[in-house]
Every structure is written in structure tokens, then in C-alpha cells.
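Beneath this line is the structure, given in C-alpha cells, with notes to follow.
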Amino acid sequence: MKKFWIIKPVYAHCDLPCGVYDPAQAKIEATSVFAIMTKYADLSDTDKTRAIIIKEQRAELVKHHLGVLWTDYFKPEHVEKYPNLHELFWQATKQAGACKKSTDPAEGQKLLDHIDEIAKIFWATKKPA
Amino acid sequence: MKKFWIIKPVYAHCDLPCGVYDPAQAKIEATSVFAIMTKYADLSDTDKTRAIIIKEQRAELVKHHLGVLWTDYFKPEHVEKYPNLHELFWQATKQAGACKKSTDPAEGQKLLDHIDEIAKIFWATKKPA
Amino acid sequence: MKKFWIIKPVYAHCDLPCGVYDPAQAKIEATSVFAIMTKYADLSDTDKTRAIIIKEQRAELVKHHLGVLWTDYFKPEHVEKYPNLHELFWQATKQAGACKKSTDPAEGQKLLDHIDEIAKIFWATKKPA
Amino acid sequence: MKKFWIIKPVYAHCDLPCGVYDPAQAKIEATSVFAIMTKYADLSDTDKTRAIIIKEQRAELVKHHLGVLWTDYFKPEHVEKYPNLHELFWQATKQAGACKKSTDPAEGQKLLDHIDEIAKIFWATKKPA
Amino acid sequence: MKKFWIIKPVYAHCDLPCGVYDPAQAKIEATSVFAIMTKYADLSDTDKTRAIIIKEQRAELVKHHLGVLWTDYFKPEHVEKYPNLHELFWQATKQAGACKKSTDPAEGQKLLDHIDEIAKIFWATKKPA
Amino acid sequence: MKKFWIIKPVYAHCDLPCGVYDPAQAKIEATSVFAIMTKYADLSDTDKTRAIIIKEQRAELVKHHLGVLWTDYFKPEHVEKYPNLHELFWQATKQAGACKKSTDPAEGQKLLDHIDEIAKIFWATKKPA
């Protein structure tokens, strides 16, 4: 799980007024969701309540960041090149919802895997031709 | 400006219930603030208004993410080792405020520089001894 | 423009803990976006700024409500039956973004049309077989 | 419980910059509060916590949407014609607070009833003379 | 304008789970709205946009804090004793809306006056009999 | 615990566009955190969950209001005169975090004490020389 991953600040030119996108935002929140799950079983009752509150918020942030990538960053030419892109985002966002409902780290890992897959496509589209 | 920077998902063990911290969150929002500034002069009136709204929100997110690092991640032993840590966070957070008030990219660059300095200390504290 | 449309409170049974979905939420916010656009040209400078602030928020709420329908309400069997569902939501959410950037009522109308199309599918899936 | 209710997009002309009001917004959130209550008893511990978190948020949204109707939509001539309007909104908003504190569907039903009463007055004021 | 006013932390016992109410919260935000108005005319274009954004948020916070007082703190016996209480809150909240639409300090002053009137009643109800 | 404390609306002139700061905002939210803690032990299970949700939000608001004071209000000359100012804010904000994790009123009292100390410095800096 200790894999490194490279993040490059992005300067897309298509969008006003900012054009900065980065799958790291979804990844960091999802990592937090996952970390909460791995600790959940050993928490006190009060901390369990807090864990669920915070997991709920972080999973919602994952959804938000995924939504930004899906509809603000990705363009029709990307969808043409990656025809499963919509399905991928749908699964990933649904999985963020599944993580709200679960405390099983396996669900959190699935979310991280979905985001990694999206990140791969994201960075492929940033590569110079 | 096209520098790469390495981001490692963090699994700190000190905090309940999550322990995931990453200066990339502040950096991405600050990069967005900076990007808005570089585009501001050429925008239409309506877009200028939007740019200010969004810059305001992003700069506030920078403040939030800095605050999380400063008071949730950093511990007394870090402050002891890096005695200027408080001042550094104060300057960086003040600079995020300055970026709300300005549309000069130089102000955005200063914010990025402050965050880079914090990130350097952050990663130094994550290094194995 | 004075068309009526029927809204039925929904009691879906698939989801915990609420299961209440309704495209009216996206529609009302989109109607507000559209109304702001129709009034924009005649506003004072100060009111123009306010109009853009509020339009920005309402369009974001449209995005949010669409996201809830797309990933919380719709299930794989719906996607199978309506293969363009993902594309439809993508276009609608992108259009909400386009409405942030524009003050042209025609853009707002397109958003309303997209939502109407989604609402039609939504209500079709609620019909008794 | 399967009653239909008609919702007409509203184009009030009094207010800048939007003028779109609709009691459906409060009703949908209140329906969600009610639905959570009807399911609460059968939920697991973790889901009970989530149910309370979400009920809290939805009830707060009910309050917000009621507040918008009360102070943005309704005008002195309405209050003159419906002298119990203030009391009605007070009771409804207090009931939204009561729903935060309770998991009894009867409390949720009371909230729905209050909103229905307000909606009746709302639509009466929209009728052509 | 340099009047002092006394604030006593309140420990009401009626409500779960907090019972801390204080009209100072609405007053401070309203004072901020008023201060923005007094400075507005002399601001640069960019700062004018920011001023409107921030005034919008502060006026919304006034509405929120007034709503909490009105429906969480005040009880039927208070309404009986102060029969104009509903009207007073309605006017004050409407005035917060008016302050969103205006940059005239006179409108901000009216808001402050309404809140002062509410505060007087609030503190009267806290007095020992 | 029934101590009075004086609040003066502040009209600082340094900052655009508002310049209204007041430690009462942090104090009121912290008082609410403390009040929740004193009631926690006697609450029902459902109310305990709500108490933790609300305590979490209020403690976050304390952090927010402290951040505003620290980086928007206080200036280099204040830090020079009160060299422990940064440490004080760090401790106070960390204590707000500690209050999220605890239901012990002693933790809430420590938070109130930290805020009182900050308030003392704040008002000292407002005094005419």
C-alpha cells in the first residue's frame, strides 16, 4: 500500500477561470475514508460515531472531486477515446456512496482502485502527443 | 513553473480517526488561485466577477487545509525542531488572505512558495529517522 | 414557458437510510438559474454581481442534485434499459457548468431541457410494470 | 401516503435576481426526514448513526427552505390576508427542530402536515385573482 | 456608534443538547454588513465585487442566527408575552435580505436596530423574575 | 461560571472590506461545546449521537473563528508585543480539536480558558494607548 505516486500541477487551457484539475484531491479524501475504516473496529463508541460523521464527509468530498473531473475536466474527445469513462466515474462515485454505508476496508480499497484507474486515464490525457 | 513534485499518501498513526494529511491539498487550491490571477486581466467583466468569487473560495480552502496541517498534523516536537513553524503558517495563511484581495500573480506565487516551504518541513517530518 | 409538471413524492426501497429522490430539486434550481439569466441584462452593476454569485450557487446545486440522481438513485438495470443515461447526465451536468459561465437564457433553457429529459426517464422507472 | 401533488414552476416578479420559490423544496427534504424515521427502528447501529446525521441535515434544509419562503417570498399583503402565517411558519420550523430530536414518524408526519398547510397558502397567493 | 453592549453567556436548560443562545452572533455579522456598506463607495472595482460577496454571506449568517433565536430559543410563553415577536423577526430577517440588495449604510443601520430590539426582548426573558 | 463579559463592536480600519472582529464568536461556540459536554452523560443514545455531531460542528466553528482572529485581525506589531501569540492560538485551536475527541467538560473548560486569554490580548490591542 506504500506506493508513491507523482502529481504534476496541471495548467489546462480550455477552461475559465482556473483550469487546475488533479485526481489527487479525490485520492487523498478516499485514503482518509480507507484509513478510518481500518481503525473503526478498535474505536470507542464515541469515536465510532465521530468516525462515521467524518467518513460521511470525506466520501462526499470524493464524490465532489470526482464530479469536477468528470464534467469540468474531461471533454468529448476523451470520452471518444475512453468509451468506458462514464461507467468508470459512475462506479467510482457509487463506490464512494458504498463507503458511506460500510466500515469494511475492502470497500475503501475498491474506491481507491477506481480512483487509480481514473487517474491513469487523466494523466494519459495530459501527456504530450 | 512546470516543476514536478512528489506526493506520498500519508498514514500517520497519531490521530483518530483518520490521520491522513497532505500539503498537496493546500497546494492544488493555491495553484488554482495563481492560475486565476494569471488569466484575470484578459477576462470579460462577467468572467472577472466569477474569477473573484472562485478565487475567494479557493483561497479560503487554502486557509482551511493549512489550518488542518498546522493544528491537526504538527505536534509539539515538530515545533521544537522547527521553531519558525508557527510564523511560517501565519505568513502562509495571511498570504492566502492577501490573494483574496489581489489579482496580481506575484501574490499567488508568494502563496505557492510559502506552501512549498511548509511541504518541505512536512515531508522531512515523515522521513524515517 | 408556463408548463405544469407533476411531482410525486417517491418512496424507493433500495437505499438506506432515506430513498427519497426527485428531479424537481434539480429543476427548481435550474429554473432559478434561467430566471436570473432572463433578468440579467436589465440589472444594475451591483445587482449583476449578485446575480452571478447566486447563479453560480444555484448551478452548483443543480450539479449536486443531478449527481445524487445519477449515482444514488439509478441502478445498473436502468443503465441497461437507457444506454444513453450516462451521456445524458454528463451533458446536463456540463450544461450546468456552461450556465455558470454564461448569462444567455438560451443556455439556461438547454439545462432545463436536459433535466426534463432525465425527469422523463426517472418517472418511467417509477411506473408500475 | 401515495398522494400526488402538483408543482408549478413559479415566476414571481417582485424580487431580484431570481424570484423562483417552491414549497416542494421543503416538502422533499421533509419527506426524506419522514422516510428515515420510518426505517430507523430496523437499522443496524452504524446505520442508525448515519440516519441521525442525515436526518439532522435534511431537517436543517427544511428550516432553510421554510425561511426562504417566509422572508423572501411572502409579502406584507399576504400576512394581512393570512394573519396566522407567522405562527404557521414558526410551528413548522420548530417542528423541523423537533424532528432532529426524534425518530418517531409521527413527528415527521406533523412536519409534512405543516408544510402542506403552508403550500396551500403559497399556491393560493399564486392564483390569478 | 461606539456604544457598548453587555453580553452574558447563556445557559438555558430547556433544550438538548446545547442551549447556548446569544443575539451577539447576529449582531456581529450585521455589524460587518454595516461596515462593508460604509466602505463600499470608496472601493476599487475588484474590491466592490468582494464586498458584495462577503456582504451576501454575512447577511445570510444574520438570517441563520436570527432563525436559531426565533425557533430554537423562543418558546410559546415568550410569544404570548411579546405578541409582536414574530413580526419583529420577520422584519429583521427581511431586512437582512434588503441588505444583500443594497449598499446603503442606512439599510444596514435598520438591520442593527431590529437586532437590538430583539436582543432587548431576549435579555428581558433571561432576567430573573 | 456566571461571569459577565463585555463585548464591544470593533471597527478596525486596517482591513478591507469589513474589519469587524470579535472573540465573542469563538467564545459562544466554545460555550456551546462546553454545555454539550456537561449534558452528555445523561443523554439517551440517539441524543448522544446528535450531541457528538453538533459538538463536532461547533468545535470546527471555534477553529474557524480563531483562524480569522489569528490571521485577519492580528498584525506583526501584535506578534512582536505578544511573542507567545502564535503558540496561544495553536494551543487554543488544538484544544478545539481535543474537544471534538472528548466529552469531558474539563476539556471544554480548557478551550474556554484559552479563548479568554486570547480575548484579553485582543481587547488590550483595541485600547487607546
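Lettered A, B, C, D, E and F in written order, each chain numbered from 1.
Please note the rule applied: a residue touches a chain if its C-beta (ideal position, glycine included) is under 8 Å from a C-beta of that chain, and two chains touch if they have at least 3 such contacts.
Everything quoted here is computed from the prediction, not taken from an experiment.
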Shared interface partners, meaning chains that touch chain B and chain C: A, E
Common touching chains of chain D and chain B: A, C, E, F
Pair exhibiting more inter-chain C-beta contacts, A-B or B-F: A-B
Reference chain B; chain at largest CA-centroid distance: D
Geometric centre distance via CA averages, chain D-chain A, whole Å: 34
Geometric centre distance via CA averages, chain F-chain C, whole Å: 40
Inter-centroid spacing, chain E versus chain D (mean Cα positions, whole Å): 23
Sequence positions of chain C contacting 2 or more other chains: 16, 47, 49-50, 53, 101
Graph class of chain-chain contacts, one of line, ring, star, complete, other: other
Interchain contacts, given as pairs of chains that touch: A-B, A-C, A-D, A-F, B-C, B-E, B-F, C-D, C-E, D-E, D-F, E-F
Complex contact set, residues of chain B against chain A: 1-9, 11, 16-20, 22, 24-25, 27-28, 31-32, 35-36, 39-40, 43, 47, 50-51, 54-55, 58
Residues of chain E defined as touching chain D within the complex: 16, 63, 67, 70-72, 79, 86-87, 90, 93-94, 96-97, 101
Interface residues, chain C side, partner chain B - complex: 48-49, 52-53, 56, 100-101, 103
Chain A partner contacts - residues on chain D that touch it in the complex: 46-47, 49-50, 53
